[in-house]
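There are two complexes below, and they share chain A, which is joined by chain B in the first and by chain C in the second.
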Partner chain A sequence: MEFNCEKKELQTGVSMIEKIVSTRSTLPIIGNLLFEAQKNSIKISANNLEIGMELSIKATVSKEGSALLPAKTLSGIVSKLPETKIGFKLGENSTIKINYDQSHFNLHALPADEFPALNKVKEGKTFNISPETLHSMIKQTIFAVSGSEEKYVLTGVLLEAGKSSQAGDQTNVRLVATDGYRLAKRGEKIELKSDPGISVIVPAKALSELAKIIDGRDKGEVKIHVSNEQISFRYDDVYLVSRLIQGQFPDYRQVIPKKSATKITLSASEMLRAAERAAVIAAGSANVSAFEVRGGKLYITANTPDVGSVTEVIAADVKGVEKARVSFNIRLITDVLNVIDAEMVTLELGEGLSPGVIKPEGQTEYLYIVMPIRTQEAA
Partner chain B sequence: MRTIMHVDMNAYFASVEQAANPLLRGRPIAVGGGTGGKRSVVAACSYEAKARGIKNAMPAWEALRICPDLVIVAGDMNKYIYTSAQIMAQLRTYTPQVEVFSIDEAFLDLTETAGRCGGPVAIAKRVKQWIREKFRLTCSIGIGPNKLLAKLAGELKKPDGLNELWPPDIPGKIEQIKVSELCGVGRKLEEYLAQMGIRTFGDLHRAPRAKLVKRFGAVWGDHLWQMGQGKDDAPVRPSAYEEAAKSMGHSYTLPGFTTDQAEVKGYLLRLAEQVGRRLRKENCKGNVVHVSLGFGNYQFWGKQRKVEDYLDDGYEIYRVAERLTLDAQRFALRNRPTPNAVRFVGVTVSGLIHDLDQISLLPQKEDNKKVLRAVDAINDRYGEFTVERAAIMATVIEHKSGYVPSRSFRGH
Partner chain C sequence: MTIKLLPDDLINKIAAGEVIERPASVVKELVENSLDAGATRVMVEVQEAGKKLISVADNGSGMTEAETKLALQRHSTSKITSADDLFAIKTLGFRGEALPSIASVAKMELAPNPAGQGLTAEVKTLFYNTPARKKFLKSNATEMGHIGDIIAKYALARPAVAFRLTADGKVLLNSPGTGNLLDAVLAVYGPELTRELVPVDHPFRSGRVHGLISRPTISRLDKNYETFFVNGRYVKNFLLNRALEEAYRTLIPNGRYPVAILFVEIDPAQVDVNVHPTKREVKFADNTMVMQAVREAVQVALEVTGKDMGADAGIDAGGEMVEIGSNDQLPISGFETGLQTLITASNSESTELSVDPAQPLTPIYQLMPTYIVATDGRELVLIDQHAAHERTLYDQLSGKKTAGASQILLVPETIELSVGETLALMSNLDNLKCFGFEIAEFGSNSFIVRAVPAVSAKIPAKQLLHDIVTELLEEGGSTQLEVKKENIRKLVACHSAIKAGERLTPLEMAGLIRALFLTENPLTCPHGRPTMIRISQAELTKMFGR
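Now for the complex of A and B:
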């Protein structure tokens, strides 16, 4: 194997793929990147046995071949190389010589055939979606997943694609995520040639890596393939494949409140700033903040003994009855306000300890449900 | 003006031991730290021992050299905590404003209630009598307009004192008290004050405010001056305010060693269930689970993890604890030839929140809370473990020695 490529090209590729690499595994081989030189491009692959990725970078190949390079060492070197042409040459004693300017590295490489091959999705259901739309859907849902190993199913995001819609909206492609205390649902109406009938749980890690790949990209489409065990995403020269989470995702349709007693509309940015200020005080009291709707205003209050208290007042358009105090984890509120793309939001509250619903005003594609906290005064 | 009372138990640990064992009364005794043997130190000593020159923190061998007939008793914290709790509860019958300052010391704010009980001196006499009759213990009580003077009044006579200190008594009665006796005056500060010629309370009382402020800054200088005038604004803080538990745990020492993982897990589950039960009783939840295991050769292993949810369900606590113990097996292997046999199991939950319940949007989670409430109600009425998880019973069936008698479990 022997090739030349631009440092910039190499760095883009390596930095995109190295996040997949697992360094703490009991299987050291997967701490490597697979380099395959063919015709005029280099294919780089990573596989952590959960998620796999491959991508191509442009190169001048003088001798085809392949090798495994230690991911961590390589990315450390690549990020510090000068902006110039970089030469790679596999020597006799399985050492890779990396040339640039007048200097060079010699890295120990491993034979490529020991690397676990990427298990690609060959057959299954499929549909396409624009990278911009998918990126926005991921951003608005992924933060709501659970990080807890004890709630394995909730560490993934539910992906639904199909024409039949009972989700209370007009969309046919949806991402839904929940940690058991709040739920984010983002739908989209997409022209589908046939009904793929997809309903699978995708690990959050796979979606967050995908989001980095398609961030800021507006051309072409992401091709999604789903089999029983796996899901794959292809965009441009990048291919990402992940194992699916097997299990029963909670029936989110059941938890969407059918009606609300109080509906208020207010500025998203004002509410976010107020909530973030309240969070400073609430941090000392398990993030508990009380919400109250009174006299055409939303009051957010928090207090921590020995620290102090805060009362935030926000002007709001109030429909329905005034709402007595109900407490929420303020972090669950700031989380959603940070990803909503709208000037105004609506907050719907029911009676007693029923959930709160936050939506961007006038949009039905996005919905966020947050469960209240039972406090002593509300008990 | 407020009416504050300070109650200070005399030679508390040693007196409790003497009260519990008639053979120790009237003799020089020391409560030993550690094992209570010759290699321990004197944690506390009786008045008889003090009279012979024994001091706290003295090594036991030295104490025995000074006083060969000294009796060294192993400390029993359970006894001291129990007695203290009883006394504090009795103090609360006079006012809810009781600040538990330490295990043997408390402040009471009697401003509102003294009048109804015949005045502070009458209350003090009743308290002393109750403690003497109930536990054969004595205490020194001081009464004053604030915590500072109440405490100083108590210091006037030990043991078994009862004194009052009011503004007209200042500095008169306490003229000669050393500044080091004042709360917050440590050795360094005492030295600085001595350089200014201030050695006694009387000296401090006469020191000009400006001079103290110049030397110690606006905050400390003024604070010292206030003390010298016998002034102190600090409120009596009821103990509930600062004594909210920071963690809850249970541990158990096995009757023998075991290498059976399933048996260890059985203990772990039962302990986790007990912790969950206590958390729910106190209306608490916690998000940090700590597990400790004791192996052969006194090797201890412990690990904790912060989790996403606040837990009060024993089974959920167990699941986190069980995952943590995977690490313990590696520990046991690393520490060979220490036998991989477990003798001690402990589970603790910290990161506590009180009176808060984040409602779940998963209906089965809320149903589970109802089940736990129902089980708690049954166990409240018919005794602990009347209803228990089948998994605990299963350990009895599968592993004959896996049964953990619930009564032998003790909280800490």
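Now for the complex of A and C:
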């Protein structure tokens, strides 16, 4: 194997793929990147046995071939190389010579055939979606997954593609995530040639890697393929494949409140800033903050003995009845306000201890449900 | 009805049903034969996850052409001759059943090495004549996983034997056969894990327990990393697992398991291996003795490392550490890790460190990740993240406002308990409700959870309640199940707190420190253990002999 390529190309490729390389591995071989030189490009692959990735970079290949290079070492070197042409040459006794300007590195490489090949999704259901849409869908849901491995299905995000069985839901692709205390659902109506009928749980890690790849990209489409055990995403030259989480995702349709008693509309950024200030005080009391709707305003209050208290007042457009105090974990509120793009949000509250619902104003695609906290004052 | 003697080939097929379940069973039987023949090199090659070809080549004692014929006959074995021998089995095989069983469900060839040393066994088209069994085979990936598992277990069991596993031309595992268990572990599990292991060596009345176990700083979500060998034979025995886990009880989070490669050497007369057709199960004459031996062996080893990480940390840490091979044997990945440290070290050079005057202590680093290394600019402070968080939650649970605050669940969860657990839960229901649990009975021994304490909202509800009930049962014993309200508060705080080993962001560390300093007694956790250790400048000066 022998080729040369621009440092920039190499760095973009390596830094994108390096993140999925596992350092905590029972199989040291997967700490490597597979380089395959063919025609005018280099294919780089990584595989941590849960997620695999493959991408191509432009290069001038003088001798086709392949080799395994240690990912961490390589990325450490590449980021420090000068902005110039970088040459790679596989020599005898499996050393790779990396040369640039008048200097060079020698790295120990491993034979390529020891690398576990990516298990690609060959058959299954498929659909395409724009990278921008998908990115925003991921961003607005992924934060709500459970951080605890004990509740394994909740460490993933439910992906549904196809008609919704829920009345009034016009979307045909949906992502849903929950940790058991709140739930984020983002739908979208896209063009689908046929109804793919997909309902699978995708590990959050795979979606967060994908989000990095498509961040800021607006051209072309992401091609998604789903089999019984795996899901793959292809965008441009990048291919990402992940295993799916097997199990039963909670039925989110059941928990979406059908009606609300109070509906208020207010500035998203004002509410976020108020909530963040309240969070400073609430941190000392299990993040408990009280919400109250009175006289055309939303009051958010928190207090911690020996620290102090806070009362935030935000102007709001109130529909329905005024609402007596109901408490929420303020962190669950700031979480969602951080990912809503709209200028105005609506907050819907039911009677007594029913869940709160937050939506961007005038949009039906996004929905966030947060469960209240019963405090002794409220009881 | 006529009763007939079954023809031989039918008997073999029936036996095969028990011994040969899948390609991995063939691999296991052939490898065991190689080991029994004294091989020091075993090369396993499979195609299509063993469905097409399994070949095992060894350098053991081998056979003559004539012996290969005899070996295929049922109950022909060179390993035992009388019933008495059955009670003192030292070899892995002894029934003389494996080869005939394999030969009855596949095309098998035994090829003695012409040079006289070693044998190559080749098994092709497994289950060609038993389509039902063939249909039950899983995907190639799954079947390959089982094969990999078997070889990994034997590579660990016999560090002096070099194993190589090749699948469709790719080398999946290659152990060096140096005789050093650490080298074998390195080949199977890689350097990260190997570094976290400490040695065990403990004699007991009828034998010895030795091997490697993980430091409590790491744990796994399943028991697959708990490996036991009894007299060199890989076994599954839940009593051994339990003894091991008991020794780790308070050291690693609930529901997580240690890594262990443990060898129990015991008088062969004290164990029965002939209880299951695949020989994977064993029965001990004296369970209690063996369990106690394992528990003690692990406890002693952990105590040594515990001391190592405690007061003397950083000063004499090298003492009991496991050394991973000698330098010139270090595999490529070891070199890589070394280089990596250099690279990261130079990367971080540019970051300036400064002490935040608005913080009681500025966090610098999360160690192991269990302790927060922090400073106020004068002293070096180590904070135990679990103890610190436990203290802040405990105080919040005492506060008027948050004491009984309940975070309601999106979907109520049902939890099923044993009879004892049910009793323990019922006896403490009122107190649990005081701290925010909303629990109702839901049929016999089953409960529905609608809300958890507001301080616990990061933990899955079921896990939290289960953990607490398990402890209630232990604490109360059988005579008095009800524990004091104060104890419930401690339990809720403990099980809702961040655990050792959980990674924190710098912001989370800073937040935790701030919250800790708001509590009534930031220096100890509710159980009275220290939350932090301070090392003053004077102490540092003394330690460095300046």
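Keep in mind that, in the parts below, the second predicted complex is superposed on the first by the 374 of 379 C-alpha atoms of A that agree within 3 Å, B and C clash if a C-alpha of one lies under 4 Å from a C-alpha of the other, contacts with A are read in each partner's own complex, and residues count from 1 in each chain.
The definition used in the following text is that a contact is a pair of C-beta atoms (placed from the backbone, for glycine too) under 8 Å apart; a residue touches a chain by one contact, two chains touch by 3 or more.
Keep in mind the model is a prediction, meaning the values are calculated, not measured.
After superposition onto chain A, the partners chain B and chain C occupy overlapping space and clash.
After overlaying the two complexes on the shared chain, residue contacts for A:Glu92 are found with neither chain B nor chain C.
When the shared chain is aligned, chain B and chain C each come close enough to touch A:Tyr181. In the overlay built on the shared chain, the residue A:Asp218 is in contact with neither chain B nor chain C.
By the touch criterion stated above, A:Glu191 is placed in contact with neither chain B nor chain C. By the touch criterion defined above, A:Glu123 reaches neither chain B nor chain C. Taking chain A as the reference, the larger set of touched residues comes from C, when chain B and chain C are compared.
Look at A:Ile373: by the touch rule set out above, it reaches both chain B and chain C. Once the two complexes are laid over each other on the shared chain, residue contacts for A:Gly284 go to chain C alone; chain B is not touched. Stretch 294-302 is the one among 294-302, 330-338, 366-374 or 510-518 where chain C clashes with chain B after the superposition on chain A. In the superposition on chain A, chain A positions 146-151, 178, 180-183, 250, 254-255, 286, 288, 329, 353, 355, 369, 371-376, 379 are in contact with chain B in one complex as well as with chain C in the other.
Chain A makes touch with chain B in their complex at residues 146-151, 178-183, 250, 254-255, 286, 288, 329, 353, 355, 369, 371-376, 379.
Touching chain A in their complex are the following residues of chain B: 307-310, 316, 319-320, 323, 353, 355-363, 365. Residues 23-28, 31, 70, 72-73, 76-77, 108, 110, 113-116, 119, 146-151, 154, 178, 180-183, 250, 254-255, 283-288, 303-307, 327, 329, 353, 355, 369, 371-377, 379 of chain A touch chain C in their complex.
Those residues of chain C lying in contact with chain A across their complex are 141, 169-171, 188-193, 221, 255, 331-333, 335-336, 339-340, 343-344, 347, 393, 396, 399-411, 413, 436, 438, 451, 453-455, 457-463, 511, 514-515, 518.
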